[in-house]
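Below: one structure, written as structure tokens.
Labels run A, B, C and D following the written order; every chain starts at residue 1.
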């Protein structure tokens, strides 16, 4: 049936509760920043956050105290350097301790794919000879091929309570079309118990070509219409990645004080994403 | 690098040799009939044929004695009934004995996906309580999830020597675009040691939309330009499935005599696919 | 009220009525496809049809002959790789209703579509499993539609292709459902004019009959005309030979 | 002939020269991306660049800041789901050259990009593995590009993120290759004006030096201008703030 079309505030309040396992996916492209900011405004706590690349959005959510645990595979500011809030949480436990469940990209892809496929685990040729298995022994194991005897690395499936995506377009039936770099978004969505999507636009006819990445509406729990919802990440065909903002974030997030002040002014100090965009000068 | 653009005859002669494991894939759509007919004309022998649905093309190849073994998951004439030549080979060993390696669709998809992923096996929740494992014990086994203890069915990967596909379009770099129902074609292609493609048209600019199913040219061994190459299967956007031919095949293939006469006249009696199409009245 | 109808038509209508609007159905070719599309064209316009070829949310105007006809792709919400149909949809538990047929069924609803006779040296080699074992295992509700004869409803399957424990078996004579405790298929309803005794005769095991056997109302005029229109459109579409016009010459050596 | 150049530029040029035309490269962000695109814009126009974001056969005109910039998607031959990059391409053995950097490297070429200090209580938490372990394991040839200091070329890694046994380590001082028998990284070439003694000083273990150390020719004028143009275009592109014009109002309740 058709998903609920809700305001972003209602969608987040209805779908995400403290203590849940939540994946805000999108690989560099289509990162659901607006949804993450709304979760910060709603003061969610104790979340297990899952993302291949935590990126600025989880740096912000971790720094604001939303997360008790992080599952990830590469935790930097791409092309810039560190995620200072992520580092502060792991190195110093600020604002509180953060448990980590760390993998490689290939491993995270396998875990999402297994979850999307309804399998309890997935496997890959990887991690062999590295220190990853010892560092995360509870979630890295082995299986032996019953035909060849080859030993493979086994990883448990990820099935988030909620996967949140941003997409360019939904139609009025709630079918969602993602276009461009999709990362592991589809797998993260199909793995989830509930799928929530923010979109740039809602149209009558989706207009997607044959074989496009379309998530059928009957699988989607809620849709919020949030233009600019991926900013400072990007939405191909709508706006580019604000690389200058990613460069600027390095300085903003470097100290607890400047981070807290910035979040207070631009996220907690605004009531919705349009307000955030005006506040940081992304719209005039 | 750019693949070789060859005549169909040269492409088949160069890439397919007796005794190889060959997958002519395409699920109902884009079945590479022209390539199969050319392998019959070249009197290939001892092939291990792999296809989820043998369809008319393998009925023909088996009846003409090309195959010593068949790996498959559903061997009927879709919506019509039996594949009489496949039945005659299994039931009576005509024209000679045919070994079979039988699975479900889900199992074949898992086997191709494992092959495409470079894994020695794949797994699914399936086959439990059925007679399939006992019927094919060498190729159906089990693994246990190291995290949950759940028992899963394990199947060996398929990596064909050659996978042959038909597609709507290639560009002059050899990039190939498949549009519409793709079945497990992509997985069968990525699993293969060599990929050979017949196409409806060769163009300067592929014109594929973002996220289309494109096989990069540098992975393709050879391309043959064969308009109508999927007939009596179909190529979306070019021509429809000749359902009337599929209905008529039931009578043609029912007896060894009528089958042999038909193949003699229309396949062995023609030198190429254009000749075949004229011979069966598909072009005038 | 309703015109004369065949047992096949009654069976298709009875199967269609089982589908609630909005359900996600994994559809096989033949009777299941006819029943699902009849439901979609009558009481269940938002029925979601998934065919194993990779077409999700398709709305064909004629019944496909094969499970991958172009009609299915062109009217689908989404056309995806076949492996994802079995992993992301079926195995992940995103399918409400799976519809199956078979050559043989036994008293607990297990199915054979593989061989008659011995597997290694079959008397009749049937098409085989296709999507059936996993549809049977993973759809939340499994429905079986097949004509009932003593030759097909058997005491002992020649081969167990699928084990599905169907919620109902809809035949051309009536409807069987598993007994709540023993799981044995039991006659719970017949069509107008069919006696339980007639149904028992057309069964290879001593068929149990429920204490109260319902009578399923005959097709309505609307159901019947919709089904017949669908079949007529389908027959016309499949009879037409395909001609490839303006076939260009192959180009042998290109770049 | 060639203008003055920096050690970074020399390192990038030396890395680019290692790539033969037509090779399939799995590219990381930073120095590897610069080297691969320099090669593509000079001697290897048919180099196939794969970024882990899912872009296959991409031809960016500016270097991406992130591994998933829109520029990569828009200039790619194919944009596919990320899991397939790791399964169908890398793990299946369809990648010729994998390019890696790291925070630490040891004498056999194993790499650390995870932590400095103890994993459970790190002194410096680094970004982590990303695609590195599988690039190192599955690319037919692994190349490492990183600046050489005694602090980063270490006797003992703090954490083994990847074990790749690289075919070559290209630094800002020269090139190390594994000794054919011991597999220990050995200095085989230096840049113009760099002595083996200087390279040994910038290494945390007693670096072995090959019997014959080659000298790598300095960047040509063409290489240097191509690289500088690329960096200039990139810097200009990344400095521009993005403004979302004509943002429509959100619609709260739709159908």
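Convention: a residue touches a chain if its C-beta (ideal position, glycine included) is under 8 Å from a C-beta of that chain, and two chains touch if they have at least 3 such contacts.
As the structure is a prediction and not an experimental result, all values here were calculated from the model.
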| item | value |
| --- | --- |
| Shortest chain-hopping distance from chain C out to chain D | 2 |
| Given chain A and chain C, the chains that contact each of them | B |
| Most distant chain from chain C, judged by the mean position of its C-alpha atoms | D |
| Distance between the centres, which are taken as Cα means, of chain D and chain B, whole angstrom | 40 |
| Centre-to-centre distance between chain C and chain B (centres being mean Cα positions), rounded to whole Å | 26 |
| Sites on chain A at which at least two other chains make contact | 118-119, 124-125, 180, 182, 186, 210-212, 236 |
| Residues of chain D engaged with two or more neighbouring chains | 73, 79, 87, 91, 138 |
| Full enumeration of touching chain pairs | A-B, A-C, A-D, B-C, B-D |
| Contact footprint of chain B on chain D as seen in their complex | 22, 24, 46, 48, 56-57, 73, 77-80, 87-88, 91-94, 138 |
| Residues on chain B engaged by chain C in the complex (per definition of touch) | 2, 5-8, 27-29, 52, 72-76, 78-80, 82-83, 86-87, 90-91, 102-107, 109-110, 112-113, 124-132, 135, 172-173, 180-184, 186-187, 201-202, 224-228, 231-232, 234, 236, 238-247, 272-274, 277, 281-284 |
| Touching residues on chain B, where the partner in the complex is chain D | 1, 116-119, 175, 186, 190-191, 210-212, 214-216, 218-219 |
| Touching residues on chain D, where the partner in the complex is chain A | 29-30, 52-55, 64-70, 72-74, 79, 81-83, 86-87, 90-91, 110, 114, 119, 121-134, 137-138, 159-163, 237-245, 247-255 |
| In the complex with chain B, residue positions of chain A that touch it | 118-121, 123-125, 139, 141-148, 150, 152, 154, 156, 179-180, 182, 209-213, 236 |
